[in-house]
Amino acid sequence: MTTAAISRSDFWLRFSHSKNAVIGAIIVTIVTLAAIFAPVLAPQDPGKVSILFTWEPPGDRYTLGADALGRDVLSRLVWGARVSLLVAFSVLSITLVIGVTLGMIAAWSRGWPDSLIMRTVDVVFAFPEVIIALLIAAVLGPGTLTVIVALSMVWWPGIARMTRSLVLSLREELFVEAAVACGTPPWKIMWKHFLPNIISPLIVRASIGVGFIIMAEATLSFLGIGVQEPMPTWGGMIRDGLPELRSDPHLALAASASLGITMIGFNLLGDGLRDVLDPKGAR
Amino acid sequence: MHIRRLTGTAALATLLASSAAFSADLRTTIPADPAMVDPITYSELVAGDVMGNIYESLTGLDAEGNVVPMLAESWEPLEGNLGFRFNLRQGVKFHSGREFGAKDVKYTFEQLLTPGMKGGLGARYLDVIVGAEAVKDGSAAELEGITIVDDHTIEIAFTKPDVLFPVYPIYIMDAGIVDEHGPDWASKVSAGTGPFTFASWNLGQSVELDAFADYWGGAPAIDGVDFLVVPDANTAMSMYEAGEIDLLYAPPTLNRRILTDEALADETLRVPAAQIRYLGMNENVYEPFKDINVRMAVCMSIDKEAMIEGLFSGAALPLNGQVTEGVAGYNPVLEPIPYDPEAAKALLAEAGYPDGEGLPPVKLSTTEPNKNEHIYYASQFQEVLNMPVEVEIVERATHIKAMNGGEVPFFAWGWSAGYPDALYFLSQVWYGPSPYNRSRWQDDEFDALIEQAFETVDNAERYKLYNAAEKILIDDYGTCPLTVRMQVALVKPGVEGVSLSPFRFLPFGDVTIQ
Amino acid sequence: MPGYIARRIGGLLFIWFVAVLISFAALQFVPGDPILVLLSDQSGDAALEARLRADYGLDRSLPLQFIDYIGSIADGSFGLSYRFAGREVIEIIEGGMWITPLLAITALVIAVPLGVFLGIAAATRAGQLADTAIILLLVCGISIPNFALATTLVWLLSIKAGLLPVAGWGSFSQMILPVVVLTVPPVAYIARLTRSYMLEVFEKDYIRTARAKGVRDRLVVWRHALRNTLVPLLTSIGIIFGGLLSGSFVVETIFNIPGLGRIAIESIFARDYPVTMSVVLLFTVFYSLINLAVDLSYALIDPRIRLQGQSA
């Protein structure tokens, strides 16, 4: 019942037929390109202060208006995408590698490594995520690296626990027992048999994860302990914009919309990928 | 509300009339729980907002910020300005019903100095009293320098002249309170003479005060004051808009929202704060500040007018000196430092840094709430002077300690007056030996003028000394005076008698609610 | 089973101890000295600083301070607050202690059935319009930042319509908006997970067999699929509860609820270490208790896992 093999052409055929996946992919591509080419795309220097044009509404001078210091909102959004994605991808890569590896080891070994890993997970889990992030941010001082470290600390145990529970149910499956009986080495079983079978829930989880991480970064910036000036961040922009929602809604709206649309993009892509990658084609 | 059983049409009419002037509690917000409601340990702003309604000092303020007699009706200096004789007000009752008198003043001062009391803000004003040291180090229980002449006359002797002593805000408390309620009395009752008494404190939710019917200035028209604890400014604003509070002292983050809303115009109070703002340039830490031309260049690169409009939404005034308008000793004829980028560039070149060349990098430090203001300054210094400036955000307590230690090269900071006299600003922020001289600017002549002022009783004479000292500071570009914050408050229609002074709200004793 | 529970409780105590240790250690590195905060503008007065430091026991060695703290937990006072001179920490947190878990559990109780229902509704109509519509709704639910949602709801329902109070705590009507804001993300999260697991379970052989045998669809869904979906879903309850506790920080701030989240933020900014540590500890306790409950019910639902738990 091992199901890793979906041919490449098969994948793209299914992918192009999934509306969710395509829409999600388009949004994610646009955001990613914006982030990569921010220096070229941003019409102005995102840090340029123009005290005479504070809270300038959207118009010719500023496509999406200006903020409390007369800085171009569009340029800051584009640069903000960079920060959000940098944080999200860093955290995701770190937590997936650590979480999946440790989760598999725990599930496979069942002995003291399982206890050790799961107790560590419990301890980390025992702290609400904002508390962890707050403590780390407070200790390391606010900044990009802090956010990445803090969110990675928060996220890997979830992945580990999920991997472990998925692998645990798989272990009972016949094909695994067969593989063990054939003398296949554990790492090979994990790589060849477990990984392909847990990839689909992991992708759903990761797609939700990207969204949550971007949101968590925004929340930390919103609380004032995230990525710092002069780096523009969406969360920081929302925080600055919310009090002026009535008189000058452009800042809060533009930043919230960027955050929301990006999250929708990643979520749709994740859903779509799940449908596509699901070996049985759940559609 | 007292409900009485009334008979007859006349009485009914009275009842109707009084219900038209229906009184209730005044509801407002505070941004945090007060740290205490005890006049001895009192040491912070929120506690001051609450306790100002419960406790009174020898003198008080009117709406313009002028000193007026309060618990002391009059006072005269002792010989050689080494102390004061106070004639205390008669017929003043404490919340306990006891009569206020000289013994209470003496008791309060001794309590403030007693070790182990963690004496708050009041204690620092008392160092000048004869015998204060002995009480502080525990070798005496009574203040040697205080003489109770009779029940309502007290003489206080000093070790050196301090002509402003009557102005110092020191809350006077009931000497009998501890005997009656024990050492933890402050959590149960209040021991003041003010228009309101302490009713309850529900941590994290509210502090509630009741009207004091026997208040010497006349019983308040309202039943009490509810201070709701609301840390988030936007939430407080929403509560005001929804009518859940009657009064809001708006933090600066709400200024734009309030001042751009036409509908709120009639409900808005705007009064400049008695708070200076200045740019600290510490030459001990950043070499180039030793050159007056560099300091001038820095000052001339700031466009205060543009900043007031763009950054503060108009809720600020330019400051030309280091005393705010409305504080005694203010000099109205000081010339502003002009915004002149060309002249600034030329001055910098003259100092040996053409186009900023050769200037070492420097950090402009501040705390989170002042971030935007500092980003503006930094962008001006970069653009006009090509100065390598970077904004650094620091945790508040750490920043204050570093500034007090003279370790911060470049910062903008404020100082709020504790009493309405220019000496507060000049002697605390710019006097050489002051622990709060944070940028370490120092001038012997300035210091001599300040020392002379402490001994000059005549107001006009003293103000001349202030003006002369202030001019020395400004002419030396020891600082760039920045702006004066405009306090913004919202009052619901129908609420009358709220006074916003340069020192925040006056007590709510005269407030009425329709 | 009793042995398993005993072991878990031992584990809990260990976790709580580690939590105290970690938060104590972390707070030592936090920039900003509480005594400096107390001194505020007066900092620089070395004598006063030394006296306050001695009064608060901060001049003692760290291990002694830690032992002091453990002792104060044992006697239930949780130490003395730095900000509120002379008050025990328990006085400050006891008012808010039950508010945060009450909010979180209320939100959880609403979110689980609603989320599962929406997830099943979507899964049984996979690929149809209803599925797409539900997914879109859920994606929006996850995508809207809670601070933006809260601000918008307050503006619409409280200020414009005047239906609900803006903020505060004490009445039922004051609870509605915070609970709604707290509930939206977990509903979306649970529904997505449910949909995903349901679709997976549908593909299992036994369900296909059941379907092929002509067992009526609804019965298949409820009896087999749901049971097999609940297990992985249960694992997520802990995460969701944690998310709710975290969400309480923003929600309690915006709706001015005097719960642990707001107390935590205020105490961190005021450098009131003993209060912060106590809040961290309480969050840890609530959280680990929920996780224990989850694991126990987990073991009840899936006997295979129970066996494992016992052999571990």
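First chain written, first letter: the chains are A, B and C, and each begins at residue 1.
Heads up, the rule we're going with is that contacts are C-beta pairs under 8 Å (C-beta built on N, C-alpha and C of every residue); 3 or more make two chains touch, one makes a residue touch a chain.
For reference, the UniProt names are A, C = ABC transporter permease subunit; B = ABC transporter substrate-binding protein.
Not measured: the values here are computed from a predicted model.
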> Just by CA atoms, which chain is the most central one?
Replying inline: C
> Computing the C-alpha centre of each chain, which chain sits at the greatest distance from chain B?
Replying inline: A
> By count of C-beta pairs in contact, what is the leading chain pair?
Replying inline: A-C
> Quick one: chain B and chain C, Cα centre-to-centre, how many Å?
Replying inline: 41
>> Roughly how far is chain A from chain C, centre to centre by C-alpha average, rounded to an integer in Å?
In response: 20
> How many Å are there between the centre of chain A and the centre of chain B, using C-alpha atoms for each centre?
Replying inline: 47
> Counting only residues that touch at least 2 other chains, which ones in chain C make the list?
Replying inline: 31, 151, 155, 265
> What residues in chain A touch two or more of the other chains?
Replying inline: 242
> At which residue positions does chain B touch at least two other chains?
Replying inline: 234
>> Under the stated contact criterion, what part of chain C meets chain A in this complex?
In response: 11, 14-16, 18-19, 22-23, 26-27, 29-31, 126-127, 132, 135, 139-140, 142-145, 147-148, 151, 155, 189, 192-193, 196-197, 199-200, 202-203, 231-232, 235, 238-239, 242-243, 245-246, 249-250, 264-265, 268, 280, 283-284, 287-288, 291, 304-305, 308, 311-312
>> Taking the touch rule as given, give the residues of chain A at its contact with chain B in the complex, in rising order.
In response: 47-49, 51-55, 68-70, 142, 224, 228-230, 242-244, 246-248
> For chain C, which residues count as touching chain B in their complex?
Replying inline: 31-33, 36-37, 39-45, 51-52, 55, 83-86, 91-92, 95-96, 151, 154-155, 158-159, 162, 165-169, 253-256, 258, 262-263, 265-266, 270-271
>> For a test of understanding, state which residues of chain B touch chain C in their complex under the given definition.
In response: 32-33, 35-36, 41, 43-44, 115, 118, 124, 184, 202-205, 228-232, 234-235, 238-239, 241-242, 244, 395-398, 400-401, 404-405, 435-436
> So in the complex, which bits of chain A are touching chain C?
Replying inline: 19-20, 110, 114-115, 119, 122-123, 125-131, 134-136, 138-139, 141, 158, 161-162, 165-166, 168-169, 172, 200-201, 204, 208, 211-212, 215, 218-219, 222-223, 235, 238-239, 242, 245, 252, 256, 259-261, 263-264, 267-268, 271, 274, 278, 280, 282-283
